[in-house]
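The following blocks contain the structures, represented as structure tokens.
Common to both upcoming complexes is subunit A, partnered first by subunit B, then by subunit C.
Let's turn to the complex of A and B:
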């Protein structure tokens, strides 16, 4: 089949072979970690995989319109999927990491999630502000006729020759959920690595915990941001361009991204663990 | 109590710096067509519309700003490690980062425009000379403000991340906030001023950007002048709110119920912004009305 003949697959094109390969890869990496570094390092790997999957799944909620949104030709936020998700998720990681220096795991992860959600809420609100007050354009979805949350009709608010514009309420809610999941996921990855580094670095570097703390925080932060970006970019490939939120048919592709995110996070996390356990 | 008052003062200063950074970032990116509207600037000559708009988009705003602010923050951090005064270190770090931005802008404009040779688009040397310095000046304001706010978060408020890591986090967030808020205003409202107000640009009109100004041909300084009136300040408000509220809820409410206070306030703020967003959406629908009759009425 040529590229011209190929029809764009909105959601159902899940490839079972690729999924199985992904799951097998994931199991192999988990098994290798269990063999090489059981205990704390293994638990850290599981945490990193959970965090990575949360990030990968969360990115699907973020309404991104890319270049067409900047011309009012498509609904969503006018920037790239991976970058917007990274902006929200890293703002969450900032709050989560701050909380982690004083509080426990649950409070830090929830703080990170709320930080990401807050960043996305402000950004989505300002997008609608610019569309409505700056450009005189009401929000309209191109994928659905009626907003599933508010019941507002969408089709007649779509201007001629466009696929919609702005952020309908359902997309706003999607953006906030995406920010919450991204912020929480990033924070889990950070805390898991930080705890591991704090436990292993003092013996490795023959120094006290207070002395290695800056190195542990920096290394955990860099790896957390790196693993976050890997998952955000992977998911951006899964979405291919633009998505309106969880009501978009493309949202049904999430199982692919979850398996890919789990395998990629496992591999990245394994490398992050090996530098202190080998 | 003194600590909280000090923290609130620093938070207010950081919020103000963030607002300036956001406004400068958006204006810089609009002068350089760095955001998503770059696709139209690149497309126009291919559709037969030769123009004098600057285009330096070889990376999205978030990664580009991530790079420049990490550079500024990393260099400032190194200078401080060499016992240099913090203010001087931040200024020097930002200046060096701006030189990288200048090299980036020059090579990006020349490279992107050279690829349009077969469509007859010339590389204007006067555009390169006049626009690059203006983007560098705006970039300096954005980088300096962001590096300073990262320094304050680390040194005054005690965030555990080192300066370069904070620079990366807030550089990406700055680019994301600026491009999300400012791009539609530049892309739709300025590039397509020849289209109807109050409607999206029809897809068939893609590439037909406005190329003439009140006198002579329009260049990117005109675009920066226009977007600095609303798109820039709105981006500044967006980034300023993000940074200020994130710090404010942590500084004031972190110690209430072992961290849950800050979480509850964060959730409340998300709800407040949800209500504001819904108000804006309903206001837009009621004030502007539908473009076409509702489907029920037709049938």
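Let's turn to the complex of A and C:
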């Protein structure tokens, strides 16, 4: 079989045993954290899990086109899931981290979400500019006949032999939703770890809170990026290739990604918490 | 159903590269402990050599993993490698002298769980998935620890978070001029993540040859080492940083020439094009 015929292997089926194992793993880690460090660290772990699940779920909304989109043969933005999630999510994370230095949790998370959504909105718009005015192709979805938001028909504009092309309006909206969820999720992870480190590092390193602030910010930031990328790549493995947005049949795979993201975030968050509680 | 697009034909088997990568990285990381024994920071460059050996191993692991059509692009493998590696590495630094071995063990635990999640929960069903993600987490942890050694001279949590700045001839303790406090870890993160995914991304295809890809990995490693060595001027004495910079530069020049040679060997034909000549009378 040639490389062209070798489609990604992941089916859309659920693996019930593995899902149960994933949930049990999640509960074991939560229980271990409760035993080891109740209170602030436990709350941080819950926050990290919520943030990780938001990231994993949000990535499903982003219209990922990959290499076929670069050739105008599939709708979406012409790069991989991990790159897009990193672009949108990290832009949100930086916005949220900026707000975290002066505002409370809610304002920071909203700022992070707006940052991620704005980044994806700009990306989607520029992508459509290039598709329409640079490559000369209209936006048409291959997975649906009528755009569920605007009601525009799609099939007339779709070229034969392609899965659609360009970036239809519904995909644009999906991209913005994905950016908002990813940016907000990344910011929650960052703020939870930052609060935990700010509270525990002074006694651990025998210094004042102002002195350890660079360590707390940098460690929380790099952990947030690490956990974010792990979740983004796991979701990319769930999608395997291209997705158009929330109207795509592949979107129905999200329960798997939520379980995997929750377990992976719990594991990574637990390790990040162990640094200050051990 | 999974179809393996390419098979490893000839060349060094993956297990051998893996064992060599683990042993070489661990030995290099521990050789940097000479810094503590001799009370200097002259041996920081062993961290850079650990980075190179871990990256060579990691690029071959990515080749094994991405030969199955995972459909997400090669860079995603580099990202998950360092995303899980940074978590394992930072916890491992808490263990003092056994930190490199702790990084190996924590990396294996994190990698196996992530591998299980992607292979079973996400239903990837790729035979090499669990082993590859495990190896990649260890590669990420070793590479970051190597960068930490190269830039700071040590791999313990204290040496990564506590530095000193000299103001008017008085040395003051500082948490900001450090590997973690100064966020040099973020630069090391992406230097490594790009270097581990680039070789296979650049060399894949029907004309893939093992020695060319591994030479490209070594070249990326030495180039990253050179950049990190320049950053290490901020944290280690100038003499030690100069040693690391020179070793990185020599290693990069050597591997770059070898890589160009191998690329020319594998190319169907190549033309050593000269700059466009200035033609008179136009």
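We take it that the second predicted complex is superposed on the first by the 266 of 278 C-alpha atoms of A that agree within 3 Å, B and C clash if a C-alpha of one lies under 4 Å from a C-alpha of the other, contacts with A are read in each partner's own complex, and residues count from 1 in each chain.
The working rule: contacts are C-beta pairs under 8 Å (C-beta built on N, C-alpha and C of every residue); 3 or more make two chains touch, one makes a residue touch a chain.
Please read these numbers as outputs of a predicted model, since none were measured by experiment.
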| item | value |
| --- | --- |
| Three-chain arrangement built on subunit A, subunit B and subunit C clash or fit | clash |
| First, second, both or neither for A:66, with subunit B first and subunit C second | both |
| Which superposed partner A:19 touches (first subunit B, second subunit C, both, neither) | second |
| Touched partner set for A:80, first subunit B, second subunit C, both or neither | both |
| Contacts of A:139 with subunit B and subunit C, given as first, second, both or neither | first |
| Touched partner set for A:43, first subunit B, second subunit C, both or neither | neither |
| Partner chain(s) touched by A:123 [first = subunit B, second = subunit C, both, neither] | first |
| Partner chain(s) touched by A:115 [first = subunit B, second = subunit C, both, neither] | first |
| Touching partner for A:27 - first (subunit B), second (subunit C), both, neither | neither |
| Subunit B versus subunit C as contact partner of A:157, first or second or both or neither | first |
| Residue range of subunit C overlapping subunit B upon superposition on chain A, of 99-107, 135-143, 153-161 or 261-269 | 261-269 |
| Subunit C-contacting residues of subunit A that also contact subunit B | 66, 79-80, 83, 86, 214, 218, 221-222, 225 |
| Residue numbers on subunit A that touch subunit B, as the complex places them | 66-73, 77-80, 83-84, 86-88, 90-91, 93-95, 97-103, 107-108, 110-111, 114-115, 117-119, 121-139, 150, 152-153, 155-169, 172-173, 176, 214, 217-218, 221-222, 225 |
| Interface residues, subunit A side, partner subunit C - complex | 1, 3, 5-11, 13-15, 17-19, 21-22, 25, 66, 79-83, 86, 205, 207, 211-212, 214-215, 218-219, 221-223, 225-230, 232-234, 236-241, 256-257, 259-260, 263-264, 267-268, 271-272, 274-275, 278 |
| Contact footprint of subunit A on subunit B as seen in their complex | 35-40, 60-63, 159-162, 165-166, 168-170, 172-173, 175-177, 179-189, 191-192, 197-206, 230-231, 234-235, 237-238, 241-242, 245-246, 249-250, 254, 258-260, 262-263, 266-267, 269-270, 273-274, 276-278, 280-281, 283-285, 288, 290-295 |
| Footprint of subunit A on subunit C - complex, ascending | 1-5, 68-73, 75-77, 79-80, 82-84, 86-88, 90-91, 94, 106, 110, 113-114, 116-118, 120-126, 157, 161-162, 175-176, 178, 180-183, 185-186, 189 |
